[in-house]
Each structure stands twice: as C-alpha cells, then as structure tokens.
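Same chain, two partners: subunit A is paired with subunit B first, then with subunit C.
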Partner chain A sequence: MGTNIGKIPIRLLFLFEILSLSLIFIYRWDNLDFNTFATGIGLVLLVYFSNSFLRKISSGDHYIFLIVSMMFSIGLIMIFRISSDLGIKQLLWLLIGIGVFFASYFLVKNIEFWDKMILVYLGTAYGLFAMTFILGARLRGAINWISIGGVSFQPAEVTKIALIFFLASYYYNIEKYSKNKYSEWIVMGIVYSYIGLLFLQRDLGTALIFFGIYTGLQYIYCNGRRYEIANLSLALLGGSLGYILFDHVKIRVLTWLNPWPYINDKGYQITQSLFAIAEGSYFGTGLGRGNPSFIPLSYNDFIFSSISEEMGVFTGIGVIMLFVLLVYRGFKIALLQNHKFYRIVAIGISLMFGLQAFIIIGGAIKVIPLTGLTLPFISYGGSSIVSSFLALGILQGASEKVVKEDETYE
Partner chain B sequence: MNRESKRIITLFISLCAGFILLIGYLSYFQIFKAETIRENQYNKRLWIDEEEVLRGSIIDRDEEVLVYSQEKNGSIERVYKYDYLYSHIIGYSTREYGKSGLEKNFNSYLINANRNTAINEVINLINPVGVGNNLKLTIDTDLQRKSRELLRGKKGAIIAMDPKTGEILSMVSLPDYNVNSLIDNWAQISEDTNSPLINRGVQGLYTPGSTFKIVTALSSLELKDEESVFNCQGSIEIDGYIFKDFNSSGHGSIGLLEAFSKSCNTYFASLATHIGYDELKAMAESLYFNQRIPFDLDTSISRFPETQVGLTDLAASGIGQGRIGASPLNMLLITSAIANDGDMMKPYIVEKVISPQSNDVEIFTGEILTSIDDSIDLVRMQEMMREVVINGTGTNARIRNVQVAGKTGTAENASGKNHAWFVGYAPYDDPKVAVVVLLEEDGSSGGGAAAPIARDMMIYALNNIKFRR
Partner chain C sequence: MFDILSVIFKYVFVIIIYVFIFTIIRMIYLDIKTIKTISGDLKAYLKVLNPLDTIPYKMEDTYVIEDNLTIGRGSDNLVVIRDPYVSKHHLKILLDEGNYFIEDLKSSNGTILNNSKLEDVSILKSGDIIKVGDIDLMFIHKG
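Up next, the complex of A and B:
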C-alpha cells in the first residue's frame, strides 16, 4: 500500500520555507538574534529529518506528514512573526509533537488489542472530564484547561481521541454488542453525556466536534434509520435548549448574525478578525507589514485571520485546501485499509481534523458562530500540537497493511 | 462498491462541500464586503495607516497652497497657512478630536486609502511613507478674505457661488476658530456658546423670512393663481390671527410683482392660503426642503412642516415665518436655480483630486441637481427679483453699470432679534455670481444690513474672479 512519492513535494515545501524564512529575516533585519536563526534552522532540519525518517520506517502513506509539515511551517512562521518567544516555544512543542507522532505510530503498529479496550476508553473520557471539573481553571469563559506542574493542558484534546477509539471498538464489535438490543441507545447516551459535559464547560466548539464525529461514524456503520433520526432530533433539541438556557450560547449567535453593534465588547474578537482579513486582501500585506496583533488570540484561535492578513486570502484558501487534502488522504487510507477497526479510526481522525478546521475557520470568517478552537497543527499551543500529532501518528499507523487478523474486505 | 465505501465517500463529499463553502464565502467577502469593512472607523489599521502617510495638500482656485504636511523630526506635521480663513471649509485633522470639513469628508483621498493594489504595494515597499492625493478647490482666497472682512464683528454666513456650474467661490461663517491652536484651546472652542465649530452656511437652520417668498411666488406661478389686484391694508386677519406688514401703513392696491418687490406680508400670507398646504409643501420639497443637499461638506436638512398645518400656520409659512427652517446654502441654491433659468446645479467645493505625480485622479464638474418645472414662467420670477433691487426693499444691493436681482428677508425669531437675509445674483442678463448673506440675530433688516454686504461681494467677485466659462 506504500505510496512511493518523489522528491518534488518536499522540495516545494523547502522552497516555501526558505522564501518565507527570508521574509522573516528581512522583517527582523535590525535585530537579528539567536531566536531567529534557531527557529529558521530548527524548522528546516525538523521537517527534513522527520520526513526522511518516516520514509524509511513506514510503508504507509507518506503524504499526510508532508501536508502537515506544510501546515506547521505556515503556523510556526506566522507565530514567530507575531512573537519570537512564542515561536521558539512552538518549535519546541513541534519537536515534542513529532516525537509523540512516532511514538503513537509505533504503539498503534505493535499493539493488537485496541478494539478490546472499550471500557478503558470510556473510563479515560469520564476520568478526564472529572479531572477538568476538579482541577480546571476558567480561562476565557470556558473551564477546559488544567495545569499540571506549570504546563497547562486541555483534557478534551485527548478525550476526542478516546471517543474515536470508543466508537471504533463499538462498531468493530457491533455483532457482539448488538445482542443487547439497547446497545445503540446506550452508546448514544454516552456520547450525549460527553456533549452535555462539554456544554457545562462552555466548550461549544469541542462539543460540536464530538457531535460531528459521532454523526459521521453512525451514518457509515449503524444500521437503522431510527437511530440517525433520534440523533439529529436530540441535537436539534439540545441546541435549542442550550440557546434558551445559556447566555453564552445566545451571545455567540447574536454576534454571528450582526457583530457590529457590539464592536467594543461582545463582538470585538470577530470584528477584529474581519478587519484583518479585509486588510489582507488577495495577496496579503506581506509578512511583518500588517497588524495581526490587533486581533485577540492572533496566534491561537485566530491564526487563520493573521495568516490571511499578512499572507493574503489566497494563502488562507491554500490552508483550507491543505485540510481538504489531509482529509482526502485520511479517507483514502480508510478505503484502502482492510481491517475494519483501523478503517473506523482513520475516518474518525480525519473527521476530527476536518471538522475542527471547518469550525474555527468558519467562526473566524463569520460563516458560522464563533467557538473557541485551535486550528490543528497551525495554532500555537502545546496540548493542541501534541494531541494533533498523537492523532496523526495513529492515522499513520492505520495507513499500513494490518495482517494481525484475517478479515476479508466485505 | 459496498455500502460502507459508498457512505465513506458521501461523508467525504459533504466535508468538502463545507470547505468549498468557506472558500466561496472568503472570495465573496473580499470582492464585495472587504472595502466597506476596512473603512470602518473602529478599524485601528486606518489610524496606523494615516500616521505613516504624508497627507495630501489642498490648494485654492489659483493654486495657492492652503494646507500641506511635512516631515519634521521623524513625525509628520500638518501646516495650515491660514489660522481662521478656512476653518469651516478645510476643517481640522487631529488624533485627539477627530476630523471635520474636507479633512474628514475627503480623508480617504488625502491619505490615498485605496492603495491596496499589487502595484501600489510594491511602491510602498520601496517607499514606505505613502503620499496622499492633493485637492484643488473652487474657492477664491481673495473673495474668501473679502467676505470674512465684510462679516467681521457679526455672527452669520456668506456664500458665493457660480449659479451656472455650482462651484462655490467663497464660504465664510462667523464666529470661526484658529485651526492652528485648536488642540490647545479645544475646551474653550468646543464649549463656546456661539458655536464657532459650526459652519453656519451649511449646518445652520434659520427662519428664512421674506426670502422664502421666492418659493411661495414660484408655487403661485405654477398654479397660475395670483391675486392680480389686492388691496393691502397693512395687516390681514387669517383665522383669527393678524399678520402685519413690515411697515404697517399698507401698500394699497397691488399685484404679485409689487407685492414681491415691496415684500408685502399681507399679500403673501393671503396668497399662501389660496395655494394650499400640499402645493406649497410640494414646491418647497422640490427645492430641497426636507431632503439632504448632496455636498462636499456635511449639510443640515432645511425644514418645511411635514404634517398638515392650520390656516394661520400656512399663512405664516407663505412669508417664511413659523416652523420653517432653511440653511443659507439652500436659499442660495434656490436663487441660483432661478438665475440659471431653472436648473439647480449641485454645489461643489472640490474641483479636482490630484495624485502626488500631478495626474488628475478625479475631476468634478457641474451637474444638475434638479430643474424647476418649465411650466413656470421663470422670466417673470427673474423680473420680480430684479424689481426688488430697482424699486423694492433691496435697493442697497444696486451696483452701477451692473444689473442685480435679489430678495431681502428680515426674519423674526425666538431670540427677539431679527435675522437679516439677502439672496441675489448678478449680472441679471448673464449671471456669474450668486450670493447669500445671513446675519444671525443681528436685529437689523435684510435690505438695510445684508443687501450692502451682498453688493460688495458681487462687485468684488465680478472684478476679481477668473470665471472658468
């Protein structure tokens, strides 16, 4: 199944990196420092060695890591331009993230009983929720961060992966579980208990991702229209209830429909984001020549707006296309995989990346209500980078031929 | 293909549809919405932009530089050549108190804000300090200075324009303020009860008094309804309220021409009740009452009562009293329209926008705002205005060798001191200049105080201005 790709894509990637890094050098010409050199050289080496190492050890898909390399290169350059301190930190997170990528790749490859641990995934998810509520700190309106030894971390990033494994284990063993005729309802109840807890944490973006992953996998693997109808009705009901009960949901909708009357308070983030995108026009102001720092969280939730301002909307569209490619490769991996469990995992992870990108980009450009999420591989942030690479490692593992079990392609 | 694979592909296609939606909206946003959003005043980038741009200069009709920007010690300063003379036209541009006048309304030209094209961006990379466009005005600085002298010591406004093109030749409003010491004296200037920041010529609304009889007369000419012989007793009772003439002795037996030139209140009060509210309102509104005059500076909307009024109020409206409020610019446009045989020209003050490389970016020329219905006998209207200056209340506006036409107004108002008005134009046969003079709460009469000022303005304009036609 291994796809043998030539050297052209990686050379194009280097070309992009060298061009944009030279822009960074020009921008910081007057105060070139260690950080600038370290980031520049570090990024190029990181991309080079991780790609060639992967090529040597994995017989699976070689595109997904390349696509992701392009994403984190754009992200790192943008973050470094906004703040060189954050840039250096992001480089370290990328280093750790890539380490986690290889680790999770090896784990997926060498452990065979993933589908038999459904209770572990369930326990992990609830455990992480409990931890968040006990240790969690309210940050920007949401209680979804905990801090361990000075490193803050967002448990929901890991819960997402636990959810995918939980659903994969369930649908893989559906014949066994469906002996209990309520099994599908129980699974739905568990998923909605997650979504409800996320609502309570005010983490609406993640709640939406959970709903999307579940709905997508249910659509493919669950037989019985009534379950799908029940799921959609529950979502509609829950959404309306959330709108009526929670003011923070109402505000999101209000500032989505028309943020301009609230430009100084509730609508500040979204309007600043729109100003930045409008300023960038098609080709951008040029690296270092715009003012992305006017946007709150310009290096994090709104990195897409910062990229659009300085690199132009065409680069923004390029970022969207990268996600389309990543999702495409992910789905292709699923279609070529003959082990059902890994098929489900591959689809779940691709869905997760795609939905997360859609929700935060759509929010930043005001196509859908804004919910705080990171843009995978591009936004600044340790837990986002590490957990995204964790998921990518699993996808890499799922892209290889699995011969552990003899299951014929149906 | 089995069900699972089919559904996987369907799911992928729906995700792609979502991403295509994002790309589609981004493109739509850039093409149709970005421009407006970028110019939102809350966009901090606009301020940043401005501080890096060498704001354009403004020059007058004879290309004398009135204001320019220069770099000094690394920062950009704005140099206004005249402390007071252009304080209401050019206005000010400060970070602390915002902008006014042309500095405000032509800001995007002056900072060349629409420079986000690929080529301009390359130019900006090479030369980071942008240079804005320059403005050329229709104002003649000498006439401007002259009108400020004529108005000295009074409150009010004088505007002169070319009735055939709409070019504003001068525009002065007093009291004014020193634009070069605005920041230091802001509190005093902004709290002054005489409102020196207001441009009375375009933003002030005043009871028009007898100058409004032009509108009543036009309405009567349109309806062909006039009282050819009317016996003026010096006062008339309409619906229990007595209207008096300015001199109460009575004009005796008079027709429309004499009633207009002598400014007979009893005649026009009675005429208004004949014309009726709807017709009078329609005429006033066709002449830009109750609608905004498009202009380079911010204007106030002249008021004519919008709901049906009783006979007393209608009669009062007919002589420009009661609930009518007119801006001097509006009265000037009505006068100019009559001078220009019915075509009301759109007033303008900026003639050209010139790029730093001396190319014309945009040229503004005369355009017709509205035309007075050609069923109206305008020659008669012109004759009536001519008669005002020959034999009527406006004889003080007479010029030797040049025929002048006009209308006086002495408007009673809440302050107890009359506003003195004069609107007029010259030469009668081939009008080159139209003038409005308003003396706010001056206590004097239009014929006595405003007409002589208008005369001096017209003499000066006819002798000194280079008319473009």
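Up next, the complex of A and C:
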C-alpha cells in the first residue's frame, strides 16, 4: 500500500482503453482496416507512455493529464461508436493534441517573457476575429469557422487562450498600468469588444466563457468594487439587449423555459437530448445499443447526452466528477504557484475548462439555456481538442515552481 | 454476441471509471496529508518561525536536516537566506554520534542562539532558536 497507489490509475486507464477499443473494434468489425486498428493501439501506448514520461520530466502536477486521458478515452469510444470516420479523425486529432500538450508545456517552461507580450495577445485576438469575419463560413447559425486548405478551425478557441494571457499580463503588471487612471476601463472595453464581436458571430457560448473568465479574474485581482459593478451591469444590459434585439437569443431562452411546444423544430435538439438521457437510465443501454444518432450533433455539442444514453447516467456523473477534479487541480496549481503571472494563467485556464463544461452540460440537461459549445477533451473537433491540449500544457507548465533569482516573494 | 458483450461492458466501464476517480481522489488526499504530517516522520528539522509572507525573499516552511547543513546567502547552501546581513556561508549544523552541533563559520554579523551570541561550537537541543539576520529558526529533534 502507499508505494504502489500511484500506478493504479494509469493501469485502470490502460484497461479501460483496451476494453473499450476492443468493444468498438468488434462493433465496427465490417469496416475496420489495419490503419484504424494500428492508430487505436498507438494511442493506447502513447497515453500510457506519455503519462509515465510526464511523471519523470515534470516536477509539477501529475493528476491533470491522467484525468484528461480518462476524459478523452470516454469521448473517443463514443465518437467511434457514432461514426467510424469521425472516430478515426478524432484519433488523429488526439495524437496531434498530445504533441501540442508537450510542445506548449516546454514552451511555457522555457520562455520567460510571457508577461511582457500584452500587445501580441491583443493583436492575435483581433487578428483572429478579423480573419473569422473575412474568411468565415456560417455554420449552424454561427460564423465561427474558417477553413484554410481544407482544414477548418474555430479561431475563437485560440482567442480564449489569448484572452487569458492578455488578462494575466495586465493584472501581473497592474502597478505599471494603473498609472493610467483609465486602464481598468480600457481593459473592460477590450474584453467587451471581444464579447460584442462574438455576439455578432452569434457564438453565444464562447461569449459567455469570455465573460466568465473576465469576471472571475476581475473579482480576484481588481481592486475597486465599482469596476465589478460596472461589469455586471454591462453584462445585464447586454444580455437584455441581446434578448430583445436578436431572435436567436430569444429562441434559446424560450426553448430552455419550455421546449415542448417547439419539439419539431427549435426545441428538437434539447428534447432529443432529454429523451436520450432518460432512455439511458443509470447504466445506459450499452454501447451500440442506443440511438444517439437521433440527437443532432450527438458527437459534438451533445456528446454528454450520447454518453448518458449508452453508458449510463453514472458515467455522465463520472464525467462531471472528472471535470470537478480537473478544475480543483487547476486551482490547487494556482495556489501553489508563487509567480503571480502563472498563477493568474492557471486560474484562467481552470475557469475556462470549468465554465465550458458547465455551460454545455448544463445546456444539454436543460439547466441553463443551450449555447453551442464543445465539451473540452470529449467532444469531436480538431480545434477544440488541440486548443484544450494547448491550455492543458500551459497549466502543466504553470504547475511547476518557477523560481527566479531574487524574485520578490509576494 | 455483441449485445451480450456490450451489456457486460457497460457495468465494467462504470466500475472502472469510478474506481479511477476514487483512486485519484485518494491520491490527492494522501498528498495533502503528507504535507500536513511531514513533521511527524522527520527526526530533525529547522522550522522558520517568521511568517513566510513577511519575508521579502523565498524561503521554505521547514528544512530537513539529514546530517550536515549550511546556512548562508549563497545558493550552494541548503538553507538560503538572501539577506545582506547574512554571510555567504554563515553557519553550519553537523551530526556527530546522534547529537547535532552548531558552528558559526566566522560570519560578519554573527549568529544568536537562544538570545546569546554563538561563540564556539555548541550542542543543539530540540526547541533551540537560532537567529540569523532577521530570520528565526527553531531546531526540532525527535528521539
């Protein structure tokens, strides 16, 4: 006991992946080719070795990558079950994502001037917005996709991280910036300009995340209650204006309050999602035995409902618990970090994961109005997977003690 | 065939996921516990008595004494005190036949042991307070 407990989760993960992949391979036996099989085994081995490797090279947190490995394993088998094409793509995205994780981990660890690049983050964010408006394609009501050379991605996924770094470099250097009396208002203006642009793209979920991250960090680091009051009143005003002016916002609220009159069109998604969860009951119907294809976007926004249907509400609760643990570890990393910049980044990223999971799971189970978002690490989607791993790599980097010579202790 | 497998596996999956979560929580819990009870397992250590947030440089809460230990301003010491009034190699604690001894390494501003200036090599008792610069360290030795 004690000495060996550290090995248990990684073995359980290994077992889970082997069992679930073999089940899926049996299910997809007819159109299974050697490449899929090899990639699947490759992923299992990669996850196993990157967890052990991380233990050796990183003195920081050893839980977040494990937790995330479990999350994407659950997501992967669900996606594979829904469509083997998407499953293969997701496998590749996961391989890329793990690479991005290590890359961003080493970058965060070895570069020291992250807090001095506030203008770069600002420029990146506005640049990505401009790109979205120029090259963007309207997909499912939102112009938030651009495709370059056949690869389409959602720029807002990267903008989220740019926002966190922007706010972190501002609050880290707040003494310098607060010489300008209006600096806090300027920052608020910038954040609201992002939110406004997202509103114009009709990407309500991401707008909500931006607002959440900003409010959270402002609550912790900004002194002066009047800014917080201004922020909250602006949000309230913007929300009500959005409700009055835009039909798509109104529909979200109406179908949230009572989706049943609109069951054939506007409320279709949410009612199907509820049916699926009810159908699954505690242990689910079993993989391959339910009808997740009845839910629109069952592999993406509504993956939580698909998981609940086929793997049971218990697995659904398990997914929520994994997110709770991830966010808990994120805050723990922030508490243990001495360097203020990395502390703010860690809080921002944990907030981002937590909020995103809450908004989309809450939407799928009709706790809050539905807004289209991906469930980090679980939903299908290249940009979502890659940017989530990017953020996780940053969190991993922030979990290590950054000791600088003569750094003043705060 | 597949249906039977699928039904069996759904229970297996739920069990694996919950055991996984439980183990992680247990590991996190054990980690927290080891930080809190660290003093229970150690034989000899130095505890910094100043509240850490009042020290303008980085210090740990406790320092474990294995056999020998030096305190000073230089980075090669085990206990680094970045105070200009502390010499590069300020003092030394050494273990000899089960007893710990303290020796000042001819530091410019000296070391205070229990309110009196340390002149010669002295034996350390548990509970002794060593003052180096502005930092008060308590020596604790069990057994």
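Just so we're on the same page, the second predicted complex is superposed on the first by the 380 of 410 C-alpha atoms of A that agree within 3 Å, B and C clash if a C-alpha of one lies under 4 Å from a C-alpha of the other, contacts with A are read in each partner's own complex, and residues count from 1 in each chain.
We adopt the following convention: contacts are C-beta pairs under 8 Å (C-beta built on N, C-alpha and C of every residue); 3 or more make two chains touch, one makes a residue touch a chain.
None of the values given here were measured: they were computed from a predicted structure.
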Touching partner for A:219 - first (subunit B), second (subunit C), both, neither: first
Touched partner set for A:283, first subunit B, second subunit C, both or neither: both
Which superposed partner A:15 touches (first subunit B, second subunit C, both, neither): second
Contacts of A:322 with subunit B and subunit C, given as first, second, both or neither: second
Where subunit A meets both subunit C and subunit B, residue numbers: 283, 285-286, 289, 321, 328, 410
Touch list for subunit A against partner subunit B, complex: 216, 219-221, 260, 263-264, 271, 274-275, 277-279, 281-283, 285-286, 289-291, 294, 308, 313, 316-317, 320-321, 323-324, 327-328, 331, 334-335, 343, 347, 351, 354-355, 358, 361-362, 365, 367, 410
Interfacial residue positions of subunit B with respect to subunit A in the complex: 2, 4-5, 7-12, 15-16, 18-19, 21-23, 25-27, 29-30, 33-35, 37-38, 40, 42-45, 48, 116, 118, 121, 125
Subunit C residues touching subunit A - in the complex, by the definition given at the top: 2-3, 5-7, 9-14, 16-21, 23-28, 30, 52-53, 55-59, 82
Residues on subunit A engaged by subunit C in the complex (per definition of touch): 2, 5-6, 8-9, 12-13, 15-16, 19-20, 23, 26-27, 63, 66-67, 70, 74, 283-289, 310-312, 314-315, 318, 321-322, 325, 328-329, 338, 403, 406-410
